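What follows are several structures.
Two complexes, one shared chain (chain A), two partners (chain B, chain C).
The block that comes next holds the complex of A and B.
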């Protein structure tokens, strides 16, 4: 049925979706409330590993889809709680402190995933996850999973769009632009940061669980800083303060490399194993430097609050 | 619980001290602010007026002493033990001396931010924006018209506009005690008159207003009582006429020949 579709293209598209989802969530953290997060891979990886370990190691009295739903829910909760804890630790730190703190958290998750061999399979990894349905060939199951993930990322996009149009989003912008002034208006800026980190980290964990199902294998090599860098590079390139920034930026970076160049560029086959992955990181870095030099607000430019307020209110 | 004599909330400062690098900036033994409807805080530069205001709001922690709020209903709250963001929930609100705004937010945004409560600011309350705008539309329109904000969807540009927006945010919070730090600095004459008129009305309606202001005309016209500070201490507290005529005040602040 899906003979026309390359299996690698499906996973490439899934990867793009994941990074867009993460980029959208980082946009709420860094673009609106300006809380730095260099530990995206940690929250995402925690979700992936909590889901995988619970799914594989626990002898559940029921099968799928309930097994998936319970494990994915617990993975989401675990990442949300981790987000709450990390936010509590970094809430009063400056940008540098928050960057180091979140990076430290991601490193802890990576080390635990690698060293807790009995639980996680360590560096050799751990298999045994399944799709919560069986529609026949693996490619069909994967394709349907990509569709489900598209719906999830679409929902995250709609949520981010709503946040921009809500008092909650206004509070996040206020926290990001002038925290002492927000406090003087009675806003508990610490609570706002904790709530934000808990919800966005929870959704990062859910995306991690989605990753676990797609690849049915836990591997610490997937939860490295590359995930964080891809989400950040895409977001900054697209426009860190814009709703569509992550979508545009990730399509221009990860999408361009992992889909267009991987599948459609007429390049020698041997380049794809060595040269292209290295070039990918180098080009992401170069693109980031160029954007920050010549268009620091990203391709979509800065937040257009006056236009948005004109559209949603009639106070003229 | 006994209510305050005048039926307004007042702030009592006892034994409050603050030093920076060993230099005492504020040393207030016993001071009540808010026992008159509109009260001025006067003194030369470095007298400690702004620091005292910040100590009241707990944006600067006290080295010693206490600041308590005695509400009109008789209840007492120790402000110097509260985090800064809880002052507003007890009706104590302050405008900023240094011009301060939210870079990305429009004038309307700023007003909606001020009136929004935590129930509106939930991360999952879908219709909150419409509810909020509908609930406060009349009030926001009133201030937009009264202070002549021509485009509420613009980001405040000039220093005067930002200063005015700061005052409007404070007014929207419906304070019981309003501390204004140089509220008319940089404002055009007609807007200054509007601000003074609003302050007078607030005082008459039961809010205790405390003003730090270098424009003496504002102090003489508005205030029912004036506290004079110098070198971190309260030297005198009396009605404006007495303050104007006092030799110490004239010598330390007003200068000879001041009418």
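The block that comes next holds the complex of A and C.
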């Protein structure tokens, strides 16, 4: 049925979706409330590993899809709680401190994934996850999983749009631009930041769980800083304060390399093993430098407020 | 400073006693004591006197080192800023007083996160006070002139339905036309909305024109509050320690 579709193209598209989802969530953290996060891989990886370990190691009395749902829920909660803890620890730090703190958290997760061999399989990884359904060939299952992930990322996009239009979003923007002034508005800015960080970290964890199902394997090599850099590069390139910034930026970076060039560029095959991956990182870096020099607010420009916000009755 | 402070009366909105505050371990205010009733209370002082530090401390954005602050009889000395705002304190800083990425409408509406009255009702009142804002609600606050920004910031504080409005040099840097207009508006706000106003100013002549009482702040120390009608050049010089 899906003979026309390359299996690698499915996983390439899945990867782009994952980075878009993470970029959208980082947009809320760094673009709206300006809470720095250099540990995206940690929250995402924690979700991936909590899901995987629970799914594989625990002897559940029921099968899929309940096993998947319970494990994914617990992975989401674990990442959310970790986000709450990290946000509380970095709440009063400046940007540099927050970057180091979140990077430290991601490093701890990576070290635990690599060293807790009994639980995680260590550096060699751990297999045994399945799709929560069986529609026949692996490619069909993967294709459907990509569709489900598309719906999830679409829901995250709608959530981001809702936050932009809500009083909560306006508070977050106020916190991001002038926190001392925002404190005098009658709402706890610390609580607003903690809630946001916990929610977005939880959703990062859910995306991690989706990754676990797609590849049916836990591999510490997937939770390195590269995933953080890909999300951040895409977001900054597209426009860190814009709702669609992550979508546009990630399509221009990860999408361009992992789908367009990978599958459609008429380049010698041997280039794809060494030259292209190196060029990918170099082009990401160069694009970031150029954007920061000549269009610091990203391709989409500065924050635009929705038209709705201009009418009185939208505030009641 | 004023050792002969009168006891708080029933209409006392703010009581400040021996207030010391500053940045880190360095005090800027050294034992300020005064009350604000339902009136326009002006604090005069030159650059570096501690006016901005005083207002930021009263808004609970700077920690209290010693002394106390009571708002409507409640001790707010150790309260976070958001709790103090909920007691009816609206704060308009001198600089960075608006949220530049938000529209005028959003800047105003964000003030209405507390209180029970509808946002629409409050907005109408703010537009009555600052009619120029009514037609510009869609503009980004970051693109406004100094005078317009000041109106938006003041409007946002009014949206909080405050009992006490803290205005930090509201006319600094404005053109003479705006200055005149702004002082008239402050007087109007006090009279029509029954809001106590505590403002800091360098422009003594204008401030005395609308103030009920005046205190001079000099090097972190406050003079005894004077009735605005009793202020003479000699008494001001004495208060300024000239």
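Here, the second predicted complex is superposed on the first by the 307 of 316 C-alpha atoms of A that agree within 3 Å, B and C clash if a C-alpha of one lies under 4 Å from a C-alpha of the other, contacts with A are read in each partner's own complex, and residues count from 1 in each chain.
Assume a residue touches a chain if its C-beta (ideal position, glycine included) is under 8 Å from a C-beta of that chain, and two chains touch if they have at least 3 such contacts.
Keep in mind that this is a model prediction, so the values were computed, not measured.
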{"item": "Clash or fit (per the criteria above) of chain B with chain C on chain A", "value": "clash"}
{"item": "Which superposed partner A:123 touches (first chain B, second chain C, both, neither)", "value": "neither"}
{"item": "Touching partner for A:147 - first (chain B), second (chain C), both, neither", "value": "neither"}
{"item": "Which superposed partner A:158 touches (first chain B, second chain C, both, neither)", "value": "neither"}
{"item": "Residues of chain A touched, compared between chain B and chain C (which is higher)", "value": "B"}
{"item": "Which of chain B and chain C A:260 touches, first, second, both or neither", "value": "neither"}
{"item": "Touched partner set for A:138, first chain B, second chain C, both or neither", "value": "neither"}
{"item": "Touched partner set for A:275, first chain B, second chain C, both or neither", "value": "neither"}
{"item": "Touched partner set for A:69, first chain B, second chain C, both or neither", "value": "neither"}
{"item": "Chain B/chain C common contact set on chain A", "value": "167, 170-171, 173-174, 177-178, 180-189, 241, 303, 305, 309-310, 312-313, 315-316"}
{"item": "Residues of chain B that touch chain A when the two form their complex", "value": "57, 59, 83-89, 93-94, 96, 100-106, 108-109, 112-114, 116, 118, 120-123, 125-126, 128-129, 132-133, 137, 140-141, 144, 151-155, 169, 173"}
{"item": "Chain C residues touching chain A - in the complex, by the definition given at the top", "value": "56, 59-61, 80-82, 84-86, 89-91, 93, 96-97, 99-103, 105-106, 109-114, 118-120, 123, 137-138, 140, 160"}
{"item": "Chain A to chain C touching residues, read off their complex", "value": "167, 170-171, 173-174, 177-178, 180-189, 241, 302-303, 305, 309-313, 315-316"}
{"item": "Sites on chain A touched by chain B in the complex", "value": "162-163, 165-168, 170-171, 173-174, 176-178, 180-189, 192, 195-196, 199, 241, 303, 305-306, 309-310, 312-313, 315-316"}
